[in-house]
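Down below are the structures I want you to see.
You will see subunit A twice below: alongside subunit B first, and alongside subunit C after that.
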Partner chain A sequence: MLTVDAVDVFIQASHILRSVSLGVGPREVVCLVGRNGAGKTTTLRTIMGYLRPRAGGVEFRGHPIHGRRTHEIARLGVGWAPEDCGIFGDLTVAENIEIATRTRPGGRPATERIELAFRVFPMLRRYAGRKGPELSGGERKMLSIARALALDPELLVLDEPFEGLAPAIIPAVSEGLAAITELGRSILIAESNIHHVPEYTHRLYVIERGAIVFAGAQEDAWRDPGLARIIGSAT
Partner chain B sequence: MLSGVFHGSILFLVSAGLQVVFGVQKIFNLACGSFYALGAYVGVSAVGWYVGAGGPPALFIAPLAVAGLAVGAVGVPVERGLLRFVYDRDETFQLLLTFAIVLMMEDAIRMTWGTSPRSTSGLYLTYGRVGVLGTTVPVYNLIVIGASLAIAVLIGWLLTRTTFGWIIRASADNREMTEALGVDMRRLHTTVFTLGTALGTLGGALVIPATAAMSEMGIELIVEAFAVVVIGGLGSMRGAFVGALVVGVLRSIAISVYPELEMLLIYLIVIAVLVLRPRGLFGGPPA
Partner chain C sequence: MSGRLVLALALGATVLAPLVAPTYHVLLMLPFMAYAVALLGLNLLFGYTGLVSFGHALFLGVGAYTGAFLTSVFKVRSMEVILVAAAALGALVAAPVGALCVRYVKIYFGMLTLAFGMVFYTFVLKFYRLTGGDEGMPFLRPTLLGRSIEGLPKTDYLAGPYYYYSLAVLVLATLVMWRIVHSPFGLCLKTIRDNPTKAETLGIGVARYRWCAFVISAVYAAVGGALLGPPTGNVDPTLAYWTQSGNIVFMTLLGGFASFFGPVLGAFVFIYLQDWVMSVVPFWRLIFGAILAAIVIAAPGGLAGLWVRRPSVEASSS
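Up next, the complex of A and B:
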């Protein structure tokens, strides 16, 4: 589904990503874990086309997408929920979701897509008429994922979906994500807190100072003492 | 009073263009004044040609409005050829570029139409006058006020009911996120800028039956449009509407009571708003 192949990314003069590779298969949940500043957001922003790799490539469903513009990548079927949620404050919750069905029409009917987004995050239904600034952090996170889902994508790319959530809300978001994979979508999650990595994650990548230092199953990551130090302290 | 509302209607059109461009592109487009001036000159020429071709005077408003809107197409080359190169530069640079456009257009207008004022001889009163609230006003003023109100309603409908409007509001808020929903930002920028330009040129075209087209009219209008957005709040359409009315009416009151104070009164209000309510009447919360 998604293959990131040995990308090198520079932001101005600094070399941020060093030969980062990762893959997400159909229906897979993949987590990219790393401490603050390790390069998670940079990796995801490269996938989304906000940043261009200087070397290496990104493929989505067989199409090379590095060098494509962000809106083209979105139209190919990649849904994006950024770290800061990117909620449109001037639109209501319902409009934030519906706009994704209008900017990428085609495929499943809009009503179905909207209904699905609300079904995955039922809490949002109560706030349908509210505007962005009136939402709590958790509601914003859910809305941001729901909107990405309403785009009807094959792959969702989520930057720290659990960050700043009240502990009581984390299960709701986690269940929502599980429901999304059951619908046949793939999910790539960036996470700085290893304890937030959902148990249903198929594969884990650990990134440290812009390089992937581990790829494999969650349990195996814990067995590696050097790695446990990195991700164990990643809070 | 009603002449103030007339002036306010024109001012609203230009300010609405300014606001929508600021909202999406985050550029304070000083050139909106030049587009206004351009619309005025093109309007004079179009009406001149129309009357020369023997068109019935009673319908002169049609070629005027069509020409005013059509010349808004100049927004396309200005955005594609100039503005798009500065979206990532800092604001001072963007402001300087739009000021450069003002100067260039002023010269282009002088070269094309000369330096003496141009007017549409006598058409202003084609529709006669009517008595309203104890004074008589040219019917043409009422037509423009009505058209401007209709455009305000249309813009409101566009922003709240259409996909295009939702995209404008979304991208004003978060450009990157809007792209991630599949919106081609380059195309949106060109469309929005052209729309903003067309509002300015239409405003210029509609004003010229009432006043002559002069090359300085652009600069004068920029100053007033600036007052409008300060009073109404930068980026807000409702702000443009209310601000334009306030400035238009105050200006006409000042002119009738004490003409020398015309702009001073507006500046005083601008300063008061800046001190008491820096974001204007309809400005958003601090970013």
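Up next, the complex of A and C:
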């Protein structure tokens, strides 16, 4: 589904990503874990076309996407929920979700996609008429993911979906993600808190100082004392 | 008072104005309606897309000169043909200009549009044989809906048939623009205004949408420019000068760019206030400027912003 192959990314003169490679298969849930500043968001922003790799490449469904514009990548079927949610404050919850069905037509009907987004996050249905500034942080996170889901993507890219959420709201977001995995979508999650990594994660990548230092099962990462120190301190 | 009621009252008053109001005030409504059409378009770019153009007088000029050329050179007197030609030419000019301008945002976009506006102004000013230079070109009385109204005195023509014709164009332009801003396209423009970077992640091609908004706004400005011609009977380069661009941006701010009807209200207040100040004081620009500045400072959301409720503020305070 998604292959990031030996990607090197520079921001101005700073070498941020160093030969980063990772993969997300069909129906897989993959987590990229690392401390703040390790390169998680830069990796996701490179996948989404905001940054261009100086070396290496990114492929989606077998086609290179690293030279493409962000909106083209989204239309290919990559949904993105950024860390800051990116909710459009002047639009209602319903409009925020609806707009994604208009910008990537085809596939499932718009009504079905909207209904699916509300089914995954039922709390949003009650606030359908509210605008972005009237939502709490958790509701914004849910809306951000619901909007990405309404794009009808094959792959969802979520940047720190649990960041800054009240403990009471985390189960609601987690249940929503579980429901999405049951729909058969692939998900790539960047997370700095190892305790937020869902138990249904198929594969874990640990990134440290711009380089992937581990790829494998979650439980294997804990067995490595060096890695356990990195991902443990990421909490 | 509900918005629909206010709108119905305003429309009713506008329809009845030629029957009850002094002719002078009725004639002042003509530039108001022409500017209102142009401002509906400008606000698609300004209020809904977040791009401030300081060169839209270019398209007012394109529309007005199209009408002048058609009536005085090509002897085409049909107002419908003039409006369609103005719209088409506005779009034709806006397509390449917009393609260059929408690559930039904020002050760079504004300055680039200003530069193109001044290029057009210089063109119509200097190409004397073609455009009449600073003397301008006559905009002969057009026929309305195929009916020639040559026998009617000019004032009666303008305060009667032409008044209602302009009103019909304004109503039609308003309905079309209402449909545009409430369509998925309008929603996409709002997302671009709010956060263009995030809008891209929804598959929105930001540059293409901005370009479309630019061309539509130019079409509206050109139609507004064509409507401005018959009342004066002459089109000259001042219509394309940068102060015109400044005026229409100011009208939008005055009425409130966050509201659909705000710019229309701004045009009305601007034109009548300007006329009133001119009639009472000799150094009217000084007073007029001070009054406008005071209004904008007292009502940063424009005049419409004083009336429109702000649900987010109310919700957060409750």
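Following the convention adopted for this analysis, the second predicted complex is superposed on the first by the 235 of 235 C-alpha atoms of A that agree within 3 Å, B and C clash if a C-alpha of one lies under 4 Å from a C-alpha of the other, contacts with A are read in each partner's own complex, and residues count from 1 in each chain.
Going forward, a residue touches a chain if its C-beta (ideal position, glycine included) is under 8 Å from a C-beta of that chain, and two chains touch if they have at least 3 such contacts.
In this text, all values refer to a predicted model and were calculated from it rather than measured experimentally.
In the superposed model on subunit A, is it clash or fit for subunit B and subunit C?
Aligned through their shared chain, the two binders clash on subunit A.
Considering only touches as defined above, state whether A:Lys131 meets subunit B (first), subunit C (second), both or neither.
In the superposition, A:Lys131 contacts subunit C only.
Per the contact definition in the header, classify A:Glu182: touching subunit B only (first), subunit C only (second), both, or neither.
It touches nothing on subunit B or subunit C.
Would you sort A:Glu115 into first (subunit B), second (subunit C), both or neither based on which partner it touches?
neither
Could you pull out which residues of subunit A sit against subunit B in one structure and against subunit C in the other?
Of subunit A, residues 48, 50, 69-71, 74-75, 79-80, 82, 86, 88-91, 95, 99-100, 102-104, 133, 147, 151 contact subunit B in one complex and subunit C in the other.
Which of the residues in subunit B end up touching subunit A in this complex?
Going by the criterion above, the answer is residues 163, 166-167, 169-170, 172-174, 176-185, 285.
Of all residues in subunit A, which touch subunit C in the complex?
48, 50, 69-72, 74-75, 79-80, 82, 86, 88-91, 95, 98-100, 102-104, 130-131, 133-134, 147-148, 151
Where on subunit C does subunit A make contact in their complex?
The touching residues are 184, 187-188, 190-191, 193-195, 197-206, 311-312, 315-316.
List the residues on subunit A that touch subunit B in their complex, please.
Residues 48, 50, 69-71, 74-75, 79-80, 82, 86-91, 95, 99-100, 102-104, 132-133, 147, 151 of subunit A touch subunit B in their complex.
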